[in-house]
Amino acid sequence: MFGFDFSWLGDPLYQSWFMKGLATTLLLSVVAGILSILIGIVGAAILHFRTPFLAPFTVILIDLFRNTPPLVQLFFFYFMLSDVGFSFTDPLTGASMPVFSGFTCVVLSLCTFNGAIAIEIIRSGISSVPSQTVEGARSLGYTRRQVFLTMELPLALRMTVPLMTNNIVSIIKTSAQASLVAVTDITYYATQAMLETFLNIEVMMVLWLIYVAIATIVSLGARAISRAVRIPGYGLVS
Amino acid sequence: MAEPIPPIVQLTDVRKAFGSVEVLKGISMEVDAGNVVCIIGPSGSGKSTVLRCINGLVSINSGSIRVDTHQVETLRTEKMLVPLRHDVSMVFQQYNLFPHKTVLENVLMAPIQVLKRNPDEVRSLAESLLAKVQLADRGDAYPGQLSGGQQQRVAIVRALAMEPKVMLFDEVTAALDPEMVKEVLGVIRDLANEGMTCILVTHEMRFAEEIADRVYFTDGGIIVEHAPPKQLFHNPEDPRLRAFLDKVL
Amino acid sequence: MSRELTHALIGFFGVIAVLGGVFLAAYGGDSLDAVIVLTNRASLLLIGSNSFDSVGGGFLANIGISLASMVVATVLGVSLGGATTAPNPMVRNTAILVVNLMRNSPWLVVLYAMLYLIPFRLSIFGTEYWVSPAAKAVVGLSVPVTAYMSEVFRAGIQSVPDGQWESARALGYRRGAILRRIILPQALPQMIPNIMTTYAMLFIGTSLVVVTGTKDVLSVAKTVIASDGDDYATAVYLFVLLLFFIYCYPIATASRAIEQKIRKAGLHG
């Protein structure tokens, strides 16, 4: 096929590399994905209730993390926090493990960049809840907190599924930068495989296909979720 | 006895489906040059689609449409449709003026850019047409600065500047406030009196009765009844038409 | 102007204050030393040379690469975006597939791929060209950004009501002329904020070109840290964060302001 050599795909070593790397990439994405949604909810709540001190601080952090590259954030965390040097004892192996490992720093950098975006997504969802809905609930005696928890937040989450999906896909793609701080994700193993096989283009094609496949599966899954939680007669926020 | 003049617009058994929904189920219709024909009927009966088929905005599945010398169903490309669109102009419910162009530019654009007419000639034509609809002083305004009635009059002028043989009006007063309906209908009345061939889809029954040479009533994609207005409005035969007129009159 | 500008300024100086606070917290009594290191290396990080009279890369390289990529992505994105709205289903579906493939590719992987796909030497009409890492970076960044730009154009085209197409067709205009004369002039103002946001995203993405071996700001930062010692890594990266922020924040803020202005105008007009 076009003179490409994909025989290395049959090698159990490379297969195990790709599987291990894929597991790390998925773990990174799941952890960072869940955390980013939580950050989004908490951040949006802080901004919504205009919590003193916290709200302006949150705005400033969003401005910082949205307007700087996640890669630079990663390098920054990686170098600064490795100096801090907290460590814990791994209950399984008994070895001393640094709290701020490369893995943690990658999750952190994904949470800051994509978490900031998640806050803005949920906030835009909340602001598109019709004021009549809020007024209606308030006139029934709901407190602002109750209105937020029972109306605005659930509605916002349901309406912003497509935007949140884009953000999760962005996390998956951005997680490839883990390889640059020696976290053994799929991109890391792919670069290792290139060094050994010299089949750069072939390895890159496989890697690229895997990412596209993950992103496509997530998008399709999210579309199903979006359809399931869609409120009849209610639009989506885009 | 003189040879009868063939009608300028002739539809024969026109059928059109959008996906699995058949909108036109065999429409036949004739319009003589200089006549005014009104199409009435409940919404969703395919009235607007008939107009869009006549100027080729919508392609038909079967049947034939002839406008003057154009056999519309044979015009497959946008390029082939250009001469037809020279002869048939259309005015829309939502005016559809180009918001980024002034009133005068809206009128001048197509004759100059599409028909390649001489800009000076088009300009003097446009100015006289605008004067005719009492908008001579609004040539430099943008559509967004005009009222709905004014915009619709500009849209009529824009269509007339193509110097068509047939004008199609698609519910042109439906989006207007009541006090603006009159000024637009007045313009159409003048056109009709000057002998322009007009085909109108309208909900203004009184206007249809006053102006039309013939009225077609459509329901469910077919023409249920057609007759001169006096007969159609005052002696309706089909029960569906009677029910419709009871509701709207 | 007043309120938005105030907010923007609070954000701008607030972030700088936070970065400064982290700097002081990290270096404490050694802060002055760190400042001196940064001052000595500022020109290297900014323009890639030790003195300000010659240019060799650094943050300026990121700007250059981003501008070049933006031009490429805009040109290709217009055609691709037009193709995604084409009446021919074959053309349309192929274009949509290509856009989705390009959009779902990690930027880093695309950059790696370009590194190996594009040869070091290119021979065009018998003339040998040396393909610089920066050129590869431009091509690599253009791939995902082309997809984003095509989406921006598609959304812009679709923001114009269907009636405009219909009336233009009724006046005898053909598809190309309708796009050029009627749709795009109306869609372009709507697209400006999205174009600016895409550019800001592209600029943030230029941090990744460090893997292509250009003399971009992160490569220079790594060199500086290697020669001045790991102790100053935090300071150097804070400085790089500051550079990106100062460049991207005004673009993002302005694009949001323009978007709100358009939205308001749309409500009243």
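To keep things simple, chains are lettered A, B and C as they appear, and every chain counts its residues starting from 1.
Going forward, a residue touches a chain if its C-beta (ideal position, glycine included) is under 8 Å from a C-beta of that chain, and two chains touch if they have at least 3 such contacts.
Given the structure is predicted, the values throughout are model-derived calculations rather than measurements.
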Partner chains that subunit A and subunit C have in common | none
Of the other chains, whose C-alpha centre is the longest way from the centre of subunit A?
-> B
Central chain (by mean CA position) = C
Quick one: report the Å distance separating subunit A from subunit C, using the average Cα coordinate of each chain.
-> 21
List the centre-to-centre spacing of subunit B and subunit C in whole Å, with centres computed as mean CA coordinates.
-> 49
Separation of mean Cα positions, subunit B and subunit A [Å, integer] | 55
Residues of subunit A defined as touching subunit C within the complex | 56, 59-61, 63-64, 66-73, 75-76, 79-80, 83, 169, 172-174, 176-177, 179-180, 187, 191, 194, 200-201, 204-205, 207-208, 211-212, 215-216, 219
Subunit C contact footprint on subunit B (complex, rising order) = 55, 57, 78-79, 81-82, 85-86, 89-90, 92, 94, 96-100, 109-110, 113-115, 144, 155, 158-159, 162
Contact residues on subunit C for subunit A in the complex?
-> 10-12, 14-15, 18-19, 26, 100-101, 104-110, 112-113, 115-117, 200, 204-208, 210-211, 218, 221, 225, 230, 233-234, 237-238, 240-241, 244-245, 248-249, 252
For the subunit C and subunit B complex, residues of the former touching the latter | 161, 163-164, 166-175, 177, 181-182, 185-186, 269
